[in-house]
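Labels A, B and C are assigned to the chains in the order they are written; within every chain, residues are numbered from 1.
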């Protein structure tokens, strides 16, 4: 397994380099202009100077090489320096990946966005999973019961109704229609400056997370519960389940130990594959509730043609996707003794 | 209000509400502002985006700025220099500003002429990529005569020398803080760019790029009684509708900027009674640019250039006038812009002293008249109902950016024009591409590979000289200047160029106004542009917020120091 | 079998197992598959009852229904004197140790995520209060008993060969000292070379642990080898039940005859002229024919067969058959060749 992991990791290096180059090319070919969003009162010759100062005048391979050096060498060195308070060679004038719009290091922006994305999107993923698994198990065990039918309906709704609709619906109900001083009132705008220091502020944090988490959790749960149900149904009809019943095991043991554990194998890998999406943020939901996490950062970057930001963020997502694919494969190997990697 | 402040996580002590002392700094607690486009940076020289310049206007200030009427106000100086008071030299080449003594930066140090000189140097540095460089056009030298006197020398007579250091886009930054950020180093000063020291009523406590800014009252602000708010939040993200909702419906925020949404929705939201919609009219005009050159694709590289020859039918003034007459501008304005628009017949509709009334006849729609004009000029309807003359059919390709309101307008115009026998093909281009200026794209607004295009343009500040200069012959976009130019109609009239040149040598305000009006009327009567709607800015503020004076000539937050909480 | 009748360990009476069929948008019940439709027999302690029949005749369903792995539609099943036909699953759980099952597919019937030790030890954990170590000892004992190397106890099922997996299945079934084991085609999925080993193992274990088997198989020669008595099923019903020797020497029911004549004869000199080839397909169990279930394919069919379902009754001591030919009222109407040969066979 270790050899397998190392081999796979080695393979990912050329893959990721290739991906980074493709992203770079795509962004370069895309018709966007970092000065495009500036007011039209700024004259064209000033725009040209701005583009020059951003380094857009250089040929593409030079710009790609610069980005590679900045991202693969300078940024890791900077992290090391920050962790140990050291100053490895050239820390004074080391060029980091700079966002064009904010003129600040992209990695710092990403680090700043991480908490709210993980809090909201990550929590919604966890909540979604926690809701989805019992629903999937019961739906499969009581196939075609009213519970199953209701679960199917809710999943269909969760799947098909977009989050910008459910999100705005929630805001209209819980932020607009309910009076502000009611206990049922929830803030429609996420306060990213809020700091949890005591019980009351923790309570507020829960309140401001409630709506975005619910909206996203519904969506996540819809997907995962379908997976869970299908996987459970596959396993419920297996012979070993009959064996377990013939052994005289309690139904709970049959269901939770025998069927659930086997059914979770594919579901766990699906969950692992979905984790990069958590880091990617939920672009729409973040916009609706003004969570301003990584998804919103990416969108602003795209809108403003902030190419270094988009490049870096997209590449980090690519790394996460490749990494979690590997993790999913390894998890599969760990969970299913029939799978062996050598 | 008490509960809301607490729920919103205000850092302020709640106990302050209820205290009515108007003349006490920080007495009114917390101010929540939402700009749905989040601020990226607080250095307006590195970002010309409105969101960024407005966010920074709470912190850094210019020497003089404009009030809500478009009048210039001395801000960090005692009076506006003029030729009359000796502030401007007789030959119009220098202007001397005298700073108000006693102003301090938010770090407690003194505000001096050296800071002003440094700011000039900062933006005029050739490698800095300063986005407000045009403000310093023609500036030869900025020098400090003493600690409180700054003299700007221009390389020629400057009849309107109020561009540098005036208005929201040209504020003063602190020399000490930005000393190491000149030229190519400018982008690397993240800390300074995110938290500039300023002379304004607030200072930055936390800056989260593209997300939220936290401010607190500047303890060194020149008026000890202001600002009334102890802290402020400048939140970004979401969209205009959500921002409007947060002020008008949920009451979570006190001020929301730039609410370009469906006017009926805005009215409906305002019905909740929590806030007020406010609008003001600057210089933005939604207009049709009429291509006077030939956009025929068969011309290849000469397409839409002067070399390509004149347009087959849009060079006929009768056709252009008829197209304008067929439009019901009031309806376009009402449908698309509501409170944020009013019909106009001028490309220069404001400030009031520059607004011409010579063209107001266009306000009324006259389809019959337009038909009669075309008929009289020999444009007769063919079997398909489209007018033609000498084998030239009146068939128009009409392009604009992708935007619901613009597409509605396109549909209306197409209908009216069909009633006068003009065929219209509609096209919309993604705004990023349309305004993007990408040389390789055929769909940019500069290339104008169409017969007519529609967009809004405006000018900052109150002086129209540069704006009216957009339509001189030299400004025509063409391959040789990389299509960089703002004379989209390819309008070229030596008489107009002469007026523009004359304005550049005239200093007296009244004369300048006459010249501007004359130029506007020339353009309108030539039909090079067909103005449609004078667009205003729409914002909303909570009913608990007093002192908001919507301003289209400067930052909307220009008088944030005077804002107070109503009880 | 006249006197000193051995103790009846299992008594099955009129067992019915019908599976409902749903169809349409609203999943209305439109019919039922009569997989087992009124089966009665006894199994004596210590014997092996073979249950044979074509694929789909309901053998496996019958085996599972007897162990109440299904909730049966009707009938009674008594095991070791206890009626389990109507006991709810919860109450049944405690009785599971006496009755166990060895499944057909050793691969699918073992939980792929459990080690051999866990598979064999799990019922011990549920039904006994042995300590961890004792449990492991017991698992090892059982592995020895079925001929598995006890060092393999931490391996997973997929690491074993088919024969070894079936040994695991058997060890698992033996763990709780059952009295009665249903072997549901335990050798069907195995190589021929392994089949004999497993059958021999089952026989050895029967002797050693005093087990009673219901041995379900479609392999007549294997049943002949292992069973004491044989029951033949056709379309959800037992058509004949006889001691092994008698059945193979002299089948009574026309279906049994057909089945036996289809068994490959290793001796080429043996005459094959009386081979009975059945025509047509087995009718659908959701829509069995009226009268005798076999009437659509029977070479010796009579009018009455289309009308009345023959009674399953003892026609000779220890021999039961369900056929109108052996009813007093039936003999006079039919006169086919086949019928004659059957009549002759009966009197010989």
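The working rule: a residue touches a chain if its C-beta (ideal position, glycine included) is under 8 Å from a C-beta of that chain, and two chains touch if they have at least 3 such contacts.
The structure displayed is predicted, hence computed values, not measured ones.
K.L.:
What are the two chains with the most C-beta pairs touching?
P.N.:
Chain pair with the maximum contact count: A-B.
K.L.:
Which chain has its C-alpha centre farthest away from the C-alpha centre of chain C?
P.N.:
Taking each chain's C-alpha mean as its centre, the farthest from chain C is B.
K.L.:
In terms of CA centres, which chain lies closest to the overall middle?
P.N.:
Per-chain C-alpha centroids compared to the overall one single out A.
K.L.:
Could you state the distance in Å from the CA-based centre of chain B to that of chain C?
P.N.:
Chain B and chain C have C-alpha centres separated by 90 Å.
K.L.:
Measure off the straight-line distance from the CA centroid of chain A to the CA centroid of chain B, and report it in whole Å.
P.N.:
38
K.L.:
Express in whole angstrom the distance between the two chain centres, defined as the mean CA positions of chain A and chain C.
P.N.:
56
K.L.:
Using the touch definition up top, name the residues of chain C that touch chain A in the complex.
P.N.:
For this pair, the touching residues of chain C are 27, 64, 67, 69, 89, 92-97, 100-101, 103-105, 108-113, 122-123, 126-127, 156, 158, 169, 172, 176.
K.L.:
Would you mind writing out the residues of chain A in touch with chain B in their complex?
P.N.:
31-33, 35-50, 52-54, 98-99, 101-105, 108-109, 112-113, 171, 175-176, 180-181, 185, 187-189, 191-194, 201, 204, 207, 286-292, 296-297, 300, 303-305
K.L.:
Which bits of chain B are touching chain A when the two form their complex?
P.N.:
Its residues touching chain A are 3-4, 7-9, 34, 38, 40-41, 43, 46-50, 127-134, 184, 186-190, 193-194, 206, 208-212, 214, 233, 235-239, 242, 245-246, 249-253, 272, 432-433, 435-438, 440-441, 457-460, 482, 484-486.
K.L.:
Which bits of chain A are touching chain C when the two form their complex?
P.N.:
Per the touch definition, chain A meets chain C at residues 144, 238-240, 242-251, 253, 258, 261-262, 265, 335-338.
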